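These notes open a run of structures that come right after.
After this come two complexes, each holding subunit A, first together with subunit B and then together with subunit C.
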Partner chain A sequence: MVEVNLHGRQPQTVINLRRVEELHEWSHRHTQQTVTIGSAVPYSVMETGKIAELVPALAQAARTVGSPQIRAAGTLGGNLGTCSPAGDSLPVLSALNAVIHLIGPQGTRDVAWGEFMLGVKKNALGSGEFVHSITVPVIQGWQGYAKVGTRNAMVIATASACLVRDTEEGLISIALGSVGPTIIRCSQAEKWLRKTTSLRAGAQINADLAVEFGRRVSDEATPIDDHRSTAAYRRHCVAILAQRLLVRSLA
Partner chain B sequence: MTTTHPTSTSTRAGTLGTNAHRPDGVAKVQGGFAFSSDMWSENMLWGATLRSPHPYAKIISIDDSAALAIDGVECVVTAQDVPGNPYYGLIMSDQPVFAAIGDTVRYCGEPIAAVAADHPETCKRALAAIKVVYEILTPVTNPQDCVSGIAPQIHPQGNVYRHQRIITGDQSIVGDVIVEGTYEIGMQDQAFLGLESALAIPDSGGEGLELYVATQWLHEDRKQIAACLNIPEDKIRLVLGGVGGAFGAREDISLQVHTCLLALKSGRPVRISYGREESFYGHVHRHPATIWMRHHADRNGKILKIESTMLFDGGAYCSTSPAVLINAITHTQGPYKCDTASVEGWAVRTNNPPCGAMRGFGVVQACFAHESQMEKLGVALGLSPVEIRLRNVMETGDRLITGQIMDSVAPVEQCIRETDAIAMPEPLLPNADIRQIPGGTGLTAQPGNIVRGVGWGVSMKNLMYSEGFDDYSTARCRMTDGVVSVKFATSEVGQGFTMLAQQIARTILGVDEVLLDTIDTQVGSAGSTSASRQTWMSGGAVKAACEKVLEDLFDHAALTFELSRDHVRIEETDIVDILSGRRIAVSEASKGINLDRTEEYHHPPTEDLDENGQGNCHVAFAFVAHRAVVDVDVELGLVKVVQIATAQDVGRILNPISVQGQVEGGIAQGLGLAVMEEIIVKDGKVRNPSFTDYLLPTFLDAPLVEMVLIEEFEPKSPLGAKGVGEPPCISVTPAIANAIRNATGRELPRVPIRPYDICL
Partner chain C sequence: MSAQELGNEIYTLKVNGQSHPVKDAWIGESLLYVLRERLGLPGAKGACEQGECGSCTVVMDSQAVCSCLVMAAAAVDTEILTVEGLGENGSLTDIQQAFLAAGGVQCGFCTPGFIVAVHHLLDSNPEPSDDQIRESLSGNICRCTGYGRILEAVKIVISQRDAS
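The block that comes next holds the complex of A and B.
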């Protein structure tokens, strides 16, 4: 809708997914400890309630999207369809290694997040394909999303980050938004952290280490200067966000 | 809100001093109010404007044949179709209706042609089909180049709109303490919500037309339109379309002439309505400015001398740049005593977007500089922000740097003391609601990451037009068989004048029902709804007209009911003879009679400034103090304005809730300039012409406002009231900047303060 209203795009065909009931559904599979969310589920449903309990980072990301009106109408499918590096749900899907379930004329297929987003507003959707749903794991540990913008609500991310700490596996993953052409998974920094310290339940991290983690995370960002902000500020932001999220994950 | 003095004596619903209801209130809240963009007429065409994509380019050719060949396109107008003056402008007639072949476009977004067609989509296609060949020129984008003279002349009327000095006092004085700084103010947009829109309906004879338009000044528009169309003014009737905010952006002509040209050429009603992006190109903005200031003070903090240079970038066309500049330089001292000053101001022409009126009109820029200086002066002397200001407060009777004597009520000290007495907000608690913390739901910070700061700003603002301008206002009052109606051409832009006019008539004439006639040019000019002037000026005109009708009514009642003419007065809704004690209801006394009076109100005359900037150039002044408390995430540079405490000098309070609305709204707008609102222009092009990227404060950014209204009857004002519209937005900006400086220890010489200014 943003393309149509703001950029004057005139699509030849519009398919309304609103009445496809199964896309509005979500489920929790206890056996596999996963949550599957239909592409037409709006942010307002993810913000609170059961989804927020199971995937808190997604709820936090949803809570930052636009205004109440936008959150009532906007969906995960739309965020994935647009595939903007500033899409707020995307760093969460990345950090959680989400699987995207696609459906199209050739049937269904599953795409790992890492193969889904290809560039600025580019994704792996084939012609005639659309997003059916996504699946993310329910993590034991901690997860959080943080987003920097120039006002305190209704703002496109200047920079954002999602950090997930899996205390069972002793893993930390971190993904960044708005600091590159795609969502950036900071695998180097993740690896370094895993080598440097234990991340299992009860682990402690000293302040210097968190700062160093932030620095390494920001090294993996590839931000640009534009009218919204500067590359230097974006890089600085992700360093601070990574540092703070790591400290929070251990608090 | 607390008021320090009791207000009006009458408490009859809807009279002066009460929270009378707005006649347009319910419709606006329920969505039923017709804004100018809701207007529609039988057989109406849609109009649209072709604009230059270049900031500076020569037009080689314009070919509209492909556009005219499109089905549904009715006509195209260009510079060749302008029968009268090809230029318009409020002060200098220098802005082309359309840029002509052989001439240049001087800003990105300048109109070149307009089309009328059966549908907005057809218009879009027609615009795309018009072929314009340009020879691209290098734009002048640095205003300094116009002062130094190295920029090529980009308009026959030159690159300097105005250059003016103020020199007064003994220039050899040197202070014990000297502080200086160079300050920069970014380009703010008025960002009204009701976009530009007009509907022109040609007369059946084709000689004249009717224009429904959202504007600030119907008569000035008509004057300029008539000159461009080469039609006598009395053949053009302007009617106010529903206005959704103005803030200065509707003072200049935008789509008025274009709409009329299309209607006259097609012989059909035409409506043009801008979208948000076009609106950014369609109206003037607040001047970006660079101001250097140096304050000299003695050991006790008394200001001895102020030196300043101010450079205002007026953009491509003049608009009100000369007047904005005069406001800025004459407010260099702010609300403080100062005998010696040397100020030099420039307003220049560049290929940047044209700038003109916006709430605060030049004083915003000057105030940002002088209040930043006051904070520095306090630090240099080891005095608190309150103390340094109290040692310099202006009073009635003081001589200003222009030589003018301050003859308005001037409760500056009271503004500061009352503000200081307002309780500070609670400290940020560890379990604070995340929406109260900088970064909000972005969850960037926890209370431990936050530093709190406090800052002050105090300002003086002139009211009404200055420098010899007679911006009078006219009103007509009729009483027919007991029914009162008032008519005026005062633009109701959302400020509530229609409500005030009713309050005045109810109070003076002792009636409850007051009808409002159409706001149009069928009565004399009301002047512009700007410069905080309509309550004073049009309020004065409505009062004068009502009082004349009242005299007529008393004459009639005295005869008819044998009352003592010299001893009658209105009490509630009765005429009372205070000698005999007889009471006759106004409704009874006015039966069968028809009274009709039209009156003008003029303020006392003012003068031009001489070459040394001396002269009684302003009519009156109002004052306000702001104290800002901010929370700053110093590492990320994010800010939450926690509380604004303010005490404002408002004269007599005519409608408390309306004053409160102006104060809260003005504070939000000043906050916007402090931390987020800026039109970003690079190489003469606007980079953020949308609400996605031009950020306005949301409700979560709005601070808690604690206000005290200082009610002191202003004897010079017809109703005792001062204008309250502009002051709230002026010193709140430096107050917030000073608070952020206080929290971070950074100099931050520029607004809006961007996150990276704080943390990098």
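The block that comes next holds the complex of A and C.
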């Protein structure tokens, strides 16, 4: 709607999906330990309750979106359709290896997060396709989202990060927002951490290691200077965010 | 191409309990625009047009939303409540009276958005904590009052409703 209000976009056809009930629903599949969320489920539903218990990082990200008014209307479908690198839910979907379920004239298809976001506001949606729902795994272990902005409410991320610690698999994944043309998954830093230390339940991490992890994470960012911040500050932010999230994940 | 040439779709919105046919509208118009310019309901105010300021807050299906961010054509089938629909027969609600009593209105531009947001807050949570009041009004910007008197107004309403 902002595109229409401020940037002169003139849609000639509008398809109202409000009546499509399944887009407003979400479900927890116990056997596969996954949560599937319809593309029209608003952030206000994810902030608290069962989704927040099962996917806490998504709830934290949802909680930082805009204002209560925006969270009542905003959805994962909107975040995915727009595909801004500052989209608050997107680092969470990246760190959790989400699968995006699409529907279009050719039928349905599933796209892994890694193949969905192609650039700044560019995604894998074909002509006539829309996001039906999103599936994320329920992970055993800590997960969290952190964001830097100029104030606490109603702010677009200067930089953001989501860290997920899978204690069963002994893996940590970390994804960054607002520091590159797409969400950045820091696979080098993840690999380094896996080689350096055990990440299974009960593992300890010393402070120096967390600082080094932050440095390696920020090396993988490709931020720019723009009206919202500078590349140097953003690089600094993601180092601190990664360091803090890692420490929190082991606390 | 002008907006008019793009179509003359007719749809119906339910606002303040009444059905309003929307004629000759361009399909991309925001709910805010349709309320103000087509349905003669200028209570919701347009300022930032991008969801930052909350001046256009209305309640849609029991949720406070920014009407500038809702496509009017996509609001078909919903129940919309604007500031015009709050008081009975043109009288002020207790919330509006408390804003006046506390000095929560200065230039007044943001006031309808705040009134609707407070109405929605107290409907869903009659006894909010200070933090919950601040949180629920975090999407409404006021450049005059500094917010203190607005918070005071909300507390006046809570204590008055408690007493009655």
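By our rule, the second predicted complex is superposed on the first by the 251 of 251 C-alpha atoms of A that agree within 3 Å, B and C clash if a C-alpha of one lies under 4 Å from a C-alpha of the other, contacts with A are read in each partner's own complex, and residues count from 1 in each chain.
Criterion: a residue touches a chain if its C-beta (ideal position, glycine included) is under 8 Å from a C-beta of that chain, and two chains touch if they have at least 3 such contacts.
If you're wondering where the values come from, they're calculated on a predicted model, not measured in any experiment.
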Open item on the list: After the superposition on A, what does A:60 contact: first (subunit B), second (subunit C), both or neither?
Closed with: first
TODO: Based on the superposed arrangement, let me know which partner A:145 touches: subunit B (first), subunit C (second), both, or neither?
DONE: first
Task: Which superposed partner A:241 touches (first subunit B, second subunit C, both, neither) - done: first
- [ ] Based on the superposed arrangement, let me know which partner A:72 touches: subunit B (first), subunit C (second), both, or neither?
- [x] second
TODO: Scan A:19 for contacts with subunit B and subunit C and give back first, second, both or neither.
DONE: second
Task: Partner chain(s) touched by A:231 [first = subunit B, second = subunit C, both, neither] - done: neither
Open item on the list: Once chain A of both complexes is superposed, is A:153 in touch with subunit B (first), subunit C (second), both, or neither?
Closed with: both
Open item on the list: By the touch definition at the top of the document, which applies to A:6: first (subunit B), second (subunit C), both, or neither?
Closed with: both
Task: Touch count on subunit A, higher of subunit B and subunit C - done: B
TODO: Enumerate the residues of subunit A that count as touching subunit B in its complex and touching subunit C in the other.
DONE: 6, 67, 152-154
Open item on the list: Residue numbers of subunit A touching subunit C in their complex, please.
Closed with: 1-2, 4-6, 9-14, 16-19, 42, 44, 66-70, 72-73, 152-154
Open item on the list: Quick check: in the complex, which residue numbers of subunit C touch subunit A?
Closed with: 1, 3, 6-7, 26-28, 30, 49-52, 54, 57, 63-66, 68-71, 73-74, 76-78, 117, 135-136, 138-141
Open item on the list: For a test of understanding, state which residues of subunit B touch subunit A in their complex under the given definition.
Closed with: 124, 435, 438-446, 449, 635-638, 640, 675-676, 680, 682, 687-688, 690, 692-693, 695, 697-701, 754-756, 759-760
Open item on the list: Which residues of subunit A touch subunit B once you look at their complex with the stated criterion?
Closed with: 6, 8, 60, 63-64, 67, 144-158, 160, 227-230, 232-233, 236-237, 240-241, 244, 248
